[in-house]
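Shown next, in structure tokens, is the structure this report addresses.
Per-chain numbering from 1; labels A, B and C assigned in written order.
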Amino acid sequence: MYGNIKDLMTLLMVIFWLIAIAVFSYRGRSVLTWIRPIAGLEAVDEAIGRAVEMGKPLFFTTLHGSGTGNSAFVQGHGPAHLAGLSVLGYVAQEIAKRDAKLEVPLAWPDVAEMGTTVVEQAYRAEGKRAPPDAVKYISSTQMAYALGTAGLMARTEPASILMFGPAAAETLILAESANKYGSFNIGASSANQAVYFITSCDYVMIGEELYVSGSYLSKDMRALGSIKGQDYPKLLQIILYLIAIAMAFSGIKPSNTFFGL
Amino acid sequence: MSSLIRRKEITIAIMLFCAFFVFADRAYKAPILLDTSKWVQKWVLAISAVTMIVTFISSIIRNTRRIQTSLSEGDGPDAGSSIVGQWFYYGTTLVASVLTVAVGLTMGIQSNPYQWMYQYVFQNLATAIASFLGLFYIGAAFRAFRARTAEAAILLICGVTVMLTTNPFGEAIWSGFPVIGSWFLNWVSIGSRRGMGLASSVGTVALAIRVILGYERSVSAGGE
Amino acid sequence: MSSIIDKFENLDRRILLWAVVICVTLPYFIPVGLPIPYEPWVLDAIDFMENEVPDGATVLLDLSAALRVITELEGGMQATGWYFTQRGFKVVGTCFYPDGVFEWYNFIEPEFIKAGYVYGEDYVFLGYIPGESTGVDRLAKSIRDLISVDYEGNKIEDLPMMADIDKAEDFAFVMAFGSGWTPGSYITNWYLPYGIPIIPFSHMYGLSGYLSSWMAGFIPGTICGVRGSGEWANYLGLPSTAVTMLDSVGLGHAIMILFIILGNIAMLIEKYGGKDTESIGGSP
């Protein structure tokens, strides 16, 4: 009736996460002491400034992430697209404020619809009208998207290129193309593609840095509080991993214990 | 009425409902949880299928608009943008997508014309595009594997050793290459990937919770 | 001499690309016959199928590989279809990429027909199911609840083979072809909750992702890319394009490594060789 103890432990962990993040977000400013500066995110303003100075567009894409069909959110990498869109909100608002140009080629129709909404909201917040074709849906086919975006880069020669999202095979094509046109590149990926960004981008963020980027840039106290809040469940997980490692070294199989690890 | 439906709280409530039942079904075996999670997932699949139609229609609209703008050669709100002069490519996209749908709907997807288009046009184009990736790999590897700094030298040694491990020439040159390369693959590479994977998973959970609670303002609905 | 080193260090990419293209296409005209060492993860996958799966077992075959990787996996698909018939496996086929339909009818079903398999009794094809990881999860819970007819339009309950097959626990293992993370979805949604073994058969790019699952014991083994397809076909003793492609891959890698090493030698000679006195500022 209670299912597998492993799943029960997972449920308890998620409940703990929920509580920790909710409590710290609610308390916001009062609990926030310091968040480690992330170089790539500090450089986003530099990328925007470069686009303003040079009068060339700033490119923003949430990449593709592999898969087929017409919805990113059933592929399993929806959260990474959401993370990218949250950065797009900040970038679009800054671009609107400084009257620069923005190009947003996206790979999934549902992400493109959300991106259009995000850009329109950002421009509206600055009292301006969003350009009608800023957000472009390229293609849901991975390589067609990659080559279409690379072609767009070749035609527009952007000042800065920001790639925030789930990266897969298209990463190398986009990163190499970005490197070719002398633009200022920032890449952020959740998975194993960091190596391609490292060879071609000026700043790279890996792993969790992608997921906190929206909150980090927004400087919203509740969002920043939630970043602090997620450290405590992480700490608990690290302790559990260390206990499991110690058990494994001493010959006890961790999955047979109460921990269900 | 529409402003009531578009309120952020309704979106968050729907998200919480769906997430709770799908997740609880994993942790707690109860018929109501299983049935509700199956019902939620059925809707997900249905919406995913319907987005194909939405994609097709919006693709037609967008490409038609771009052809008009491209042909107008400098007039209109998109003057000077990257799409001027590109009408041929947008036209090709339009014609190809309409033709494929028309043939599929009228003759069926098992018909010879449709199978011909799939096998001799789409498959070959897909394979050719994928082969571009190989060219990019070659260029990137040649540029990246340069021992300009100590870190780059370590990257070079690891990369070349692993390449020699997976290559029959490597074992022929020296029997130690597969041993060292396997060590890099099985311990160093996997260890670091697991670390990154754990960090990403942690970030995914945290982001999902922030979105559900409405703290990610950019992506939470509600028209703020 | 320094001009040759300069030229090599700043080699025009087109020369490098042409060298690789020539090395990759050469084995198609002049078979090289390089030795084929087996990777341990491929051997483990073969060992699992040979020793832990009984003859006549029910297997789920997922063909979620995009067409762009078909050249890598085609040989492996044909070898898999042939092997399943030799072992008398009952096969339920499906795909979460629409390209899987093409792969089924061109690479898998011909092997079944050659072996005298009867549709509905020995194999069934469920067709394309949208919604990658969601669909995989739903398939594990109940096939009948997810789809009511197979790809041919037959009702699932009318197919004799499907009488006892409805959920994950009814399968002995899953062979999951993929060019994305669909095989990984099977690990999350079929192995972790129900303990069904998964053998991911991915393109070469996906190998590094599945290796960590193999090392952790989540999967018995994995077969990836041209290399895996060639090893699998070679193990079964089947003539396959994958085996020829192994020569191409080997030669292509070899020429790449040669250029990388020569480029680095040129760079090091330029950095530490004759130009040092000029860089200090004094004239020789």
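Simple rule for what comes next: contacts are C-beta pairs under 8 Å (C-beta built on N, C-alpha and C of every residue); 3 or more make two chains touch, one makes a residue touch a chain.
All figures in this text were calculated on a predicted structure; none of them were measured in a lab.
Enquirer: Based on which chains touch which, is the overall arrangement a line, ring, star, complete graph, or other?
Expert: Graph shape here is complete: every pair of chains touches.
Enquirer: Pick the pair with more C-beta contacts: A-C or A-B?
Expert: A-B
Enquirer: Please compute the C-alpha centroid of subunit B, do the same for subunit C, then give the distance between them in whole Å.
Expert: From the centre of subunit B to the centre of subunit C is 19 Å.
Enquirer: Using CA atom averages as chain centres, what separation in Å is found between subunit A and subunit C?
Expert: Those two chain centres are 29 Å apart.
Enquirer: I'd like the Å distance between the centres of subunit A and subunit B, where a centre is the mean of that chain's Cα atoms.
Expert: Roughly 14 Å separates the two chain centres.
Enquirer: For subunit A, what residues touch not just one other chain but two or more?
Expert: 7, 69, 71, 74, 143, 169, 192 - these are the residues of subunit A that touch more than one other chain.
Enquirer: Can you list every residue of subunit C that touches 2 or more other chains, as numbers and ranges?
Expert: 66, 68, 130-131, 134-135, 193, 208-209
Enquirer: Give me the residue numbers in subunit B that touch at least two other chains, ranges are fine.
Expert: Residues 26, 44-45, 48, 52, 126, 129-130, 139, 193, 197 of subunit B touch two or more partner chains.
Enquirer: Quick check on the complex: what are the subunit B residues that touch subunit A?
Expert: 23-24, 26-30, 44-45, 47-48, 51-52, 54-55, 58-59, 62, 66, 77-78, 81-83, 126, 129-130, 132-133, 136-137, 139-140, 143-144, 193, 195-197, 199-200, 202-211, 213, 215-219, 221, 223-224
Enquirer: Mind listing the subunit A positions that touch subunit B in their complex?
Expert: Against subunit B, the touching part of subunit A is residues 1-3, 7-8, 10-11, 14, 17-18, 21-22, 25, 69-71, 74, 79-80, 82-83, 85-90, 103, 109-110, 114, 117-118, 121-122, 131-133, 136-137, 140-141, 143-144, 147, 152, 155-156, 169, 172-173, 175-176, 190-192, 194, 196, 199-200, 206-212, 214-215, 218, 220, 222-223, 226-227, 230, 234, 237.
Enquirer: Could you pull out which subunit B residues touch subunit C in their complex?
Expert: 26, 34, 38, 41-42, 44-45, 48-49, 52, 109, 118-119, 122-123, 126-127, 129-130, 134-135, 138-139, 141-142, 145-148, 156, 160, 163-164, 166-169, 171-172, 178, 182, 185-186, 189-190, 193-194, 197
Enquirer: Across the complex, what residues on subunit C touch subunit A?
Expert: 66, 68, 96-99, 130-135, 179-181, 185, 192-193, 205, 208-209
Enquirer: Sort out for me which residues of subunit C touch subunit B in the complex.
Expert: Going by the criterion above, the answer is residues 11, 13, 16-17, 20, 34-37, 39-40, 66-71, 101-102, 106, 129-131, 134-135, 137-138, 141-142, 145-146, 193, 208-209, 211-212, 215, 227, 249-250, 253-254, 256-257, 259-261, 263-264, 267-268.
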